[in-house]
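Each chain carries a letter (A, B, C and D) given by its place in the written order, and its residues are counted from 1.
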């Protein structure tokens, strides 16, 4: 019997099955990696183990006891700890007090801190490398320090099973290395660890076994090497081989000056630097792709261009600076964002969604535009009266692009157009991108995890890692020069 | 907490000095009328401190403070008017009654979050008011219950009672929020998921906090009943009195224990100065509170801290 | 008896429905529980009472001006309270919620005291538009009440038409579903909020006039009206206009039924108790989605 | 946290310093030759409070222009209780301890009167209640006599009101209109408990059956169910007892054209502004009240009403008469005592036999059930019943002063069923 055994774990949110009959084990002294793209259900799986969500079906045996459906504090009492991705320490208390909190028993009559508790807190701080910072306040710690503080809190509870949610997000390469060492040390102390990450590379070097998930299901399990070599996993991350066959990779160096120029763009979230000195040129009337793994900073870049995020640096659209312009004015000026989250009006019909996209057009223009969109996505014409939230994921993606097209964009930003879509829908999106390119009326900027998909359509490609441009160049050189390094 | 005993001791010494300094006010020429303003202000200070234990630390906005206060006041008043016990026993029973009523309300209400919790606590006040009117042959209805006994008649004595109560409440609450219990409560208030993951049963802690808040609210309610001489719905079971308490706590500075005292006294003294405005004085107080809310989110105590922190 | 319950229930429910529609619409679009709602109603009713009685204006003109009072207070609430709170203070979502409640409570007191100062704190009633009575299935009913109920449902129908059939209405609906999506469609959310507050004020204003005509209003009765509206809206599910309409009828009928069948002295108790039970069993309200 | 206490200290120094300075600067002088200070307390933003203040003002102005109290002027000081007992206790203490008033009049809400009664005893200052009618005030004085002897009342207590309602209703409804059945509709409040009991015994004795007693919640908004129910009982008249919800039942009675007269007691309907507040819906309503503009209860009643109308552009309410008389009672008592000493004033008040605007005022003694309440009935204070007719309160009872007969609103059939 393994220390932790999860069987047929299932969680539904409304109609969506976020976790679908997933099995996995982890033993003491072992690190299990849960990997998968955004929305694959890996974080929900971890929440089920911690008790933050109640599973709809399945069992979780910890040391032989079924803890499925227990309240989180009871599960914590069984020796399970969790490190959250976003830390919210107590700002008015010192670092030491924040860790002391974790050492306290669940007893309202416990009114004095014992020496033993204090020693344990100090020891945890030392272990994570925060020795000497005890009397500082969390606001005085750097971003990585806050992450360490969270780990110290989890460690102070001396857990048998430690759950880590995206421990590397937002960290620099050097910090990732230090953190990996820290986590490795935790395993050697005889603990069981589960690590959730989409950063496949760092996980591969660290974990003993990996479970890959996609659309709520387990698609592969085994050693990191086996999982990474798995065809399904590669398809989820890179796109399948069959799609690249016959790919119409074209080289086109536009003679016209770039339609959008981004220079030295910086975006910070509190202390975390999401983008540092990003510079890109978007090909006029062509397709430009920004590729990178989940969390690399693609969405931040797009949101910054669309005016949804404050940023520092230059953004010029057709030689005009648009930095600091309100988001709705940017949208009206012709830069239209079709976000990863799609942001549809769920309780309104397909037709109403499209109408809202074209609300600034004259009625004749609007009718013509509607025909144009329904020509590209015939499916939307068939589903005209249906509520957007009842559409399938692929249809929603088409509607999101369709609604953006209703605004007659000069530059269309599409964030993750293919994420989580079935191959057949991907083909529809592919075709639509080609149609738009041929129409010659707009420029496209794509953000993609699926690098093969991206390089197939793009004229020029930028690779982002950890918020910085790692590579840029023509699309046809991308696969040969960079492709291998990603996975 | 070890390592920062000093930072606990100094505010406590401060509390003691301020309390003692205030206690001699009757003997240095402060008029009896001024004392009575401060007396009522100090009772409000206790309400506001108790309320802020729930709001500032446990993160729950209780719109039914007067449900707890009213239970304390009416329990004490009804016992006294029926000749059951001496005033002090009535007050103690009032505090105990408030704890019981608070637990009965809180145990199910704490399952709810945000506006829903607030609504249930608000509705509790409305229902209690209705019941008092409905059973007016026992409760005195809209006329209230007159208490035959008094604890003290002298303005100075009543002032000392209120001051002592406020000081003891401040002391107990301050020690409590600086203890592991307070640390956990604050963690729950800021991020209840995280606190659960650290192994804390948030309902247990919030319920305890609710009972403590109820205890001091009920205690002060009972004592204030004996001070005023009657328990009546407009003073003790009224949503708008609850609003005044909330305003006092936020104006003074939430999550500070001492801030609400400042807020309550500020409101009492401000209304006294604004009295020449006649019926517009309440409007002026609300306006001031609104301005404080907008420009000093940390409250008056936050302003003092801001001024004392150079950077 | 049953017919009486049905007729009276229908009339009172229509007023409840109109008086709460604006409140729930506002929550749906901007996420704000305006605790000054009842006082906004009272202000409009009192303004109409004053214009009709003391200033001797034409009744229809007075009603129109009373409704405009509601619009003005709605816009003032947004400009003086809501927008400053959102722009001046950088609050977390949870904090913003509480500060919003406290700020609108303070605003309630300010409005209430200003009304008391100007008009005195007394309950007042707006004269009936058309005096006289009709018999409905043998139940004697004031013509005005029937008109008011009819008008309430007409306004609600007009609101429905506006939201589902006009471009501006669709924008507001979209803002309530997904404000970010609307920004991406090139719409200025701030402008949408102003429109919503104006519509809210208009709904509250007209409702206030009608409440003053049928039931009477007073400055200090505002909080009580807010509490009733709040209960109805929460029962129906916060932000769900349809749920609110159903809950308004539910509460209207339960109160009327209680008054007829049990006793007028416990009229509101069963509704309050049902509300608490619903909250425990289904905190998102009868028709709210989580 | 280390900064807290010093900050607290600094701020409290600041606030308290100014406060103390201000408090100490207002040192009142109570010299024997200065003006006599009398406090008047109510919530002045309310019509009732304004009526109390106006009654007091009228009396003080008359007395001062007539030479004052043995040459000393009366200074009237206003105290707004904001309708709250805690504000009221503060104001009462300010009046006595800081402004050093010789007596206090006013108070509309019973809970405030009951709260202030022990304070008047503690602070030893004569206090005449002129607005609040709960019997408990008189009972408190009775039970705690002589400690609570400082409290008097010139407004009728609920039991006297019930008495007056019974007499007026039986004269008007039974003798004049030949009615047989009544429904008692009273608000669900503490003061109506004894009111209900009294009427349920008294009315049948005069030949008016009480078909049922309907209690109405004080937060009732819609009266339709209540009126429908009453109508189904086939009664001839509705006898009301409302003090908190005066406006709504009247307006809805008119709107719904309930075909029965409203009689009995409606506190708000005694105020002259009631016509405006109800936009005229009160047409035809009959209520018992202390006195009215055209009721010549005593030679003083009508002149007072006329002077009041001239001075304040409105007609007096019941509390105006009560407060007006209270000030005169105090004046007489001080003159007789020759000093403003509280016990001396009380002794004189207890001996008073004074014809005021609301009747002949003699206070009940320590052995009567409601000590220091006015004696009620023929030759003492009787009260009047008025009916609202075309914007005016018209006295319809007692018959010797009644100007008009009962008139019927269009929707009320005059004949008994």
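Going forward, a residue touches a chain if its C-beta (ideal position, glycine included) is under 8 Å from a C-beta of that chain, and two chains touch if they have at least 3 such contacts.
The shown structure was predicted, so the numbers you read here are calculated from the model rather than taken from an experiment.
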* Where the contacts of chain B and chain C overlap, which chains show up? -> A, D
* Asked: By mean C-alpha coordinates, which chain is most distant from chain B?
  -> A
* To do: Name the two chains that are joined by the greatest number of C-beta pairs in contact.
  => B-D
* Asked: Between chain A and chain B, what is the separation of their C-alpha centroids in Å?
  -> 46
* Asked: For chain B and chain D, what's the span in angstrom between their mean Cα positions?
  -> 35
* Structure fact -> Per the C-alpha centroid definition, the whole-Å distance linking chain A and chain D comes out as 72
* Per-residue overlap in chain B, given as positions that touch at least 2 other chains -> 130, 134, 279, 282
* Structure fact -> Residues of chain D that touch two or more other chains sit at 45, 188, 217, 219
* Structure fact -> Chain-chain contacts, ordered by label, are A-B, A-C, B-C, B-D, C-D
* Can you list the residues on chain C that touch chain B in the complex? -> 33, 81, 84-85, 88-89, 91, 94, 97-99, 101-103, 105-107, 109-110, 113-114, 116-117, 223, 227, 230-231, 234, 238, 265-266, 268-269, 272-273, 275-276, 279-280, 283
* Structure fact -> Contacts from chain B onto chain C in the complex sit at residues 55, 59, 61, 108, 111-116, 118-120, 122-123, 126-127, 130, 134, 239-240, 243, 246-247, 250, 279-280, 282-283, 286-287, 289-290, 293-295, 297
* Any idea which chain D residues touch chain C in the complex? -> 43, 45-47, 50, 188, 214-217, 219-222, 224-226, 228-229, 231, 246-248, 251-252, 255-257, 268, 273, 276-281, 411
* chain D contact footprint on chain C (complex, rising order) -> 4-5, 8, 11-12, 49, 52-54, 116-117, 120-128, 131-133, 139-142, 144-145, 214-216, 224, 255-256, 259-260, 263-268
* **Complex contact set, residues of chain C against chain A** => 167, 170-171, 173-174, 177-178, 180-189
